[in-house]
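Could you have a look at this structure, given as C-alpha cells, before my questions?
Each chain carries a letter (A, B, C and D) given by its place in the written order, and its residues are counted from 1.
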C-alpha cells in the first residue's frame, strides 16, 4: 500500500520544511512516495531542492521514495495528497505587486490590497487547471493549498473547480497560538483560540488554556508584549483602546486596515532603503539556495525561518496526518463556511476551527459575528467574491470593481490608474484579461 | 478538591444507572460527592434508591460520599454538575398524557403530540425554578438535562433562565450509533453518525466507520435489520422507498409523523389490551423498586434495561467526563444551534454533534437542511417555539396554537377539545394557566 | 399600433369572462387583437367559444379583431399578453386526481394534496414548452398564468424557463377582499388586505378600509358571517378559537389542512352522492356549452359564476390593464418573493400585494412570518419545491418525497400506494416519468 | 375636525419652506393648526419665523391657525404630525464637527464621518425625549424626522423609543429624481428611480420614465451632465469607469467614500479660504433672517434655496399629504427594512421606495444587494448600529468602535485622537458620556 504526496511548486525554498515535516511524522503518517513538480522556469531550483530532499530522507532512514519532474500530469498519478506552493510569475511579479501600488501611494503587499488582488488574478486560473488535473487523474486526492492569497484561492477552487477536496492553510492562526502561548508562558499544545473571520482577516475571540478562558489576560498583555508578525510584515503594535473596545485579538494583517497611514509610511521608507520585500526575499532566496546546494547539508537550515512563511508547511503536514488517521482533532483551516458563521454565505471560505476527519474538515459553529467587526468582515468577504469573479471572467469592470471595493484602494479615480498599470505589467500572466487587447 | 454531582429527581428508577456510570468512570472523573434530591411525594423511593446507591458505592470501593435530601437549595451548594430526571405529576400525569389524546383519536405519547406538549407545560416552569436556584447557588455548575421533552426543555432553559450552562441529552443518537454498529458488525466506538435536526426529530445523514463513509450500506439494511426503537415506542420498520428517497436514517420517533395511522392503530390496540404505557411502566417500576430494596443487591439490576430510557444516564456521565477533562471528543447533545444549521434560528436548540470542552459543547456545522426534510424540521422547530412560549405565558391562545400547529394534532376543532380536557386534567401542575380560571 | 392578447386554452368555459373583461376595459386597455388557442382535443369547444366571443365583441362595438386557431406558435407572433388557462388531460384527468386519493382515504382535490401534485406534474412540462415558445416568438410578452396550482406553476416557470415575464393570478385574494367588504358593508375598492403566504395557503393579516385598520372587526365576524369559499370547495366555517389564537384570516383552502378529517368526511359523502367534483363540473360544462351555442347569446351568461373559478379572468384583465398603463396600483399576485418575506427563499413565488408597473409586479415587503403559522408556511413552500423538482426530473424518488412531505399525505407507506396508482392512471400525460417504464 | 402640525425646531431658517408647502397643499391636506416650537436659545429666531409665517398664511387666505411657543409638551397636544428639524448645539457645534476632524486630516462633514457621528451623539437623546413626549401626549401622531443624520436618527427612534410612527426623510432621492429628469428632459413626475441602500449611502439602480427603463441613457450622461449635489457638498463628478463598472447611480455623498483624498483636499482648501461650511452657513443665515424680518415679505424668499437642504420640507409635506389621504403613491423614505433588502437586518432603517398609506410607509421589496456594493452597504449599516449603540450607552468603547469602524476614520490610533477632542468639545451636549468624567 502506497501513500503518495505530490508537491506542486516543489522547487520552492519552503520545500525542505515540508520534507522535514513528513520525516518527523513518519510513524503515524508513513508517506511512501513524494514527487516534487515544478515548471520549466524553476528547473534549476527544483534540482537543488530535490537533491537536498534526498539527502534529508537518506539521513532519516525512512523508506520514502522521492523524485522530481516537470511533468505534472504524470506526477499526479495515484496521488493521495497534493500540496501547492506556487508563485506565478515568480518574485519578479511580486516585486511589481509591491512597487506599483506603492508608487501610487497605496500599500503594496503580496496578499492584501492591489498586490493581493493581482496575485489572485495570476494564480487562480493556474490552480483551477491543476484542480481539474487532480480531479481527472487522482480524484480521491486532497489538495492542500498554501498558495496565497490562501483564502481567496481556496474559495475559487471550491466554487469553480470540479474537485471539492481542497483545504487552504495559513500560518497566521498557528503563529497566533504560539505567540499567545509565549505570553501566557504555557505550551502551544495547551492553547486553543476561537477564531472569527477569514484568511488574513481573522480575529481571535477567545483564548483557552486547557479549556480555561484566559482571554482577558492575553488582551491585556497583547498591546506591549505580543509580536506575532511573520517576517514579511510590519509590527507596529496595537493601542490599548483598540484591544479593549473590540475585545478581540487582531492578526498582523489587520494593521493594513486599521493603521493604514502608518504602515504605508513605514513601507515607503523601507522601500526607499531596501527596495521591495520581493527584492529582499530575492537576495534571501539566493543565499538560501547557495546553502541548499551544500552536499553535506542533510537538514532544513535554520536560515529558512527568516523567510517569512515559517510553519506554513508544518501546518500542512499536521493537517495531512490528521486526515490520514481520521484524528478528529481541531485545526484551523480554510474551508466552506457551511453555516459556521451564519452571517456569511454558506459557500464562502472562512478560516475556522475544524474537526479534521478522513472526510475533511468539519467547521465548528462560530455563531453571529460581533457587531464591532461584522461590517468589516462582511465587506472583505464581498470584496473577495469580486476578486474571484474577476479572476475567472477576465472582465475589466469586474477587476475595477474588485479594486475600488477594497478598503485599501477605495478611490474611484486612483484605483483605476493602479489597475491599468498592473494589468499592463502582468500581461504575460493574465491570459484571461488579454481579450480586451491591452 | 471536591467534584460534586447533584441528581435532581434522584428517586428515579434510572438513578442506579447514573451511579454505575460514575463508579465506572471514577479514574478519569473522580466524583467526590453525590447528593440525590427529590420532592416530598418521592420520599420513599428516594430512600430505596439512596440505600441501593450506597451499597453500589461501598462495593466499588471508591471514595464517593453519597447522601439524599428533600432540601434542593442546600443540596446545590458547591455543585459542579446537576443532572435532572424529573417527572412532574409522576406516572399518573403521564397516563393522562397518553389516555386523553388516544380517547380523541390522536396519538398519546409522553414526548410527542399532545402528551409531549403537556409534559413540557408541566416541566418547564419547574426546571426554570431549578435553573434559577443553580444560577444563585452554584453558578459554575453545568445542568445536564435529561428530562423530556429534552430538546424543548433545554431550549426553554437556555432562552428563559439566567443560567446558560445547560445541555440536553437523549439516548436516541446513542442508540442509533449502537444499532448501526450492530448492522455493520463493528464496534460502536468506531461508528460516527452525522445528525441533522433536533431531539426526537433527528435524522442520520451519514454513517462513518473510522471515517469511511458506509451510509449506503446502512440504508440498504435499515429497512429489515434495524431495530433501534427504545422499549417505550413501537417498531414498525420502514419501507425501502422512504429510505431510498430521502437517503436518510430516520429515528424511531419519526414513525409518529410518517406512519401516523398505523402507529395510532397499534397504540389503540395496545391500550385496549394493556392500558397506557404509563400503566405498564407503573407495574414495571413497582417490580423494579422491589428488586432495589433487596439489601444484597450491590449493582444495577439488568431489569432496568427494559424500562425504556436505557443509556440515558450513561450518555450523561460520558458528557460530564468530557467536560471535566476538556476532552474535545465528539458527542451528540442538545445545545444552541449557533449557526450549525443556518436555516434555523441561531438560538434554537438542536441535536447536534459537538466538540465537548470545558466550556461546554461547540456544535460542528451541519450546513443547510436537505430539501426532502427541511419543511418538516422547520415546522417542528416553529412548533417547539410555540410550546415554549405557551409554557411560560400560560396563555390559552398560545397553548391552542401550539396544539393546532403540531402535525399530529392539526385540527382546529378537535385539538381544542383535547387541549381543554388536558388543561382540566393537569390543572394542579399548571399554575401558569390557572389565572384563566378553568 | 397593436395590442395583442393570446388566450392559451381559449376553448375553456371561462373565456367569455375574459372577453367581457377586455370589452369592459377597452377605453383604458384598448386590445386590438385576440387569438384563442387550443389543442386538437378541444377543437369543438374552441369553435363554440370563438363564435360566442365574436358575438360579444360585435355587440360591444369595439374594434377588436378576434380569431381562433390550433397553431400556437403562429398565434404568439407579436403577442403582448399571453394568458394560460389549460387543463392537461381535461376533466377526466381531474376526476382521477380526485377519485384515486379519495379511494385511499386521502383528500382528493385538484390543487391540493395528491391531486394538486399530479396536476402540477402534468401541467408544468407543457407550460415550460409554452414559455419557451413565448421567449422565442414574442419575448416582450407577459404570461399571465391562471392555470392551477397557480403558485407552483408560476414558480416552476420563473425558475426553469428562460422567460421571466410570468405572473400568476388566483381569485382567492380577490374573493377574500370582496367577502370582507360585504362583512363590513363597504365597497370592495375601499378594502385592502395585507396577505402573508403563498397561493392557496395565504392568510390575511390586516384588513384596512380606506387605510383604517378594521381587522379585529372582521376577525370577530368571520366565524359566523363569512362565506368566501369558491363554488369548488367546502365551507365548514372556523372556530372562534382558531381565529382568535392566530389573529389571521384563513382562506378556504386552509380547511384542508386544519379541518382535514371533517373535509374528508364531507368529500367522501359528496363523492358517494354525486361522484367527484370533476364529474359535477363535467355536467355543468355540458350545460354551459349548450348555453354558449345559442346564437342569440351576446354576453357572458350568469350560469358561469357557479363554475368555481369566478373572477379569475377578471383578476387577469385588471392586471394586464395596470401593466399596460404603468398604473402603479396595488394588486395581489404570484411573483418572486424577492425578499418580501425574508424567511422564504428570494426566488420562491409567493402571493403578495404588489405595485403593478410596466416592468411587472414589485412586491411590498411583508416582513417576518408570524410564529403561529411560519412552520406551516415554510413546510408548504419546501413541499412546493419538491413538487417542482419532481415535475422536471420525472424522478420517482422525487415524486415520492413530494408526496410524503405533503401534510395531507404524510404516510410513508400509504402515500406510495396513491403515488403508484396515480402515476399509472396519468401515464399518458407524464412523459417525464415514463423512462422508469411503469 | 382639526388637523394639527407641530414643527419642532420651528425657528429654523427652513420653516418658511414648510409653511409654503402646507399652504400649497391646503386643498388636499387642510391643516388647521400649526405650532412652531423651539428652545430658549432659539427664541429670537422663532419670533422672526413666526411672524413671517403668519404673513405668508395671511396672504394665502387659508384658515390656518399658527402660533409659536417654547413649551413643547403643550404644543404637542392633539398633534397629528410632528416634524423635527433641530440642531443640538447650533451651528457652533457643527463648526466643531467640521473643524476638528479636518485638523486631524479627516473629512469634517456634518452628516458623514466623525462629524456625522457626533451629530448623532448629540441629537439622538434629545429626539428620544421628544418621541417619548409624543407617545405620551399625542400617540397617534406621525413624527416626520428630517434632522440629520436622518437615517441613523430614524433607526434610533424606531429601535429605542416607544413611539413607532416615525418616518425619516431626506432630499437626496428627491434631488436625484429631479436631476435625472433634467438629464432626460422629462418632467420629474414621470421619473421613478429604484433605490438600494440607506440614507446618504443610497444608489439608484434603475431609472424609469413612465415605466420605461432608461437607466443606461442616464448612466452614460451622468459622468459629465449630472450635478445633483446639494449646496452643502462638493461636486467632483464621476469617472465613466466607476459608473460603467457598478451600473449604479451614486449619490453626492458617495464622493466622501470613493473620492476621499480629493474631497479632503478640496475641503481643506475651502476651509483655509472660507472657514468651515458651518461658518459660511452662519453668515448665510444671518442674511436670511435679515430678509425674513422684512414686514413686507409675504413668501419664502428665493435666497433660501442656496441654503443646502432645499426641498427637504417639500418632501415632508408631500409625505404628510399622502399619509393623510391614504394615497398609496410611491415615495422614497427612511423606514424599517422589513425584509425589503433581505441581506440587512429586518429592523434596520433603509432609504427605500414605499407605498405611502394611512398606516405609514410599506417598503417595496428591493431584493439582494448587488455584489459590487453589498460589502460597503453592509459595513455602513453595521457602523450605523454602532453609532446608535454608543449614542445610547454613552460608553467610550462603543464610541471608539463606531469611529474606527467608519471607513473614513479607520485608523486605530488617529481616530482615538479625534474622538477625544470631539468628546471634549461637545461635552455640554453629551450628558450620556459625562459619567466617564472627561
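Please note the rule applied: contacts are C-beta pairs under 8 Å (C-beta built on N, C-alpha and C of every residue); 3 or more make two chains touch, one makes a residue touch a chain.
Predicted model, so just to flag it, every value in this text is computed and none were measured.
Under the contact definition, subunit A and subunit B share no contacting chain. Subunit B and subunit C have centres, each the mean of its CA atoms, that are 45 Å apart. The distance from the centre of subunit B to the centre of subunit D, with each centre set as the mean of the Cα atoms, comes to 55 Å. Chain pairs that touch one another, listed by label: A-B, A-D, B-C, C-D.
Residues 208, 210-213, 326, 328-330, 336-342, 346, 355, 357-359, 362-368 of subunit B are the ones touching subunit A in the complex.
Partner subunit C is touched in their complex by these residues of subunit B: 238-239, 241-242, 244-246, 257-262, 371-376, 378-383, 385-386, 389, 396-398, 400-401, 404-405, 407, 410-414, 416.
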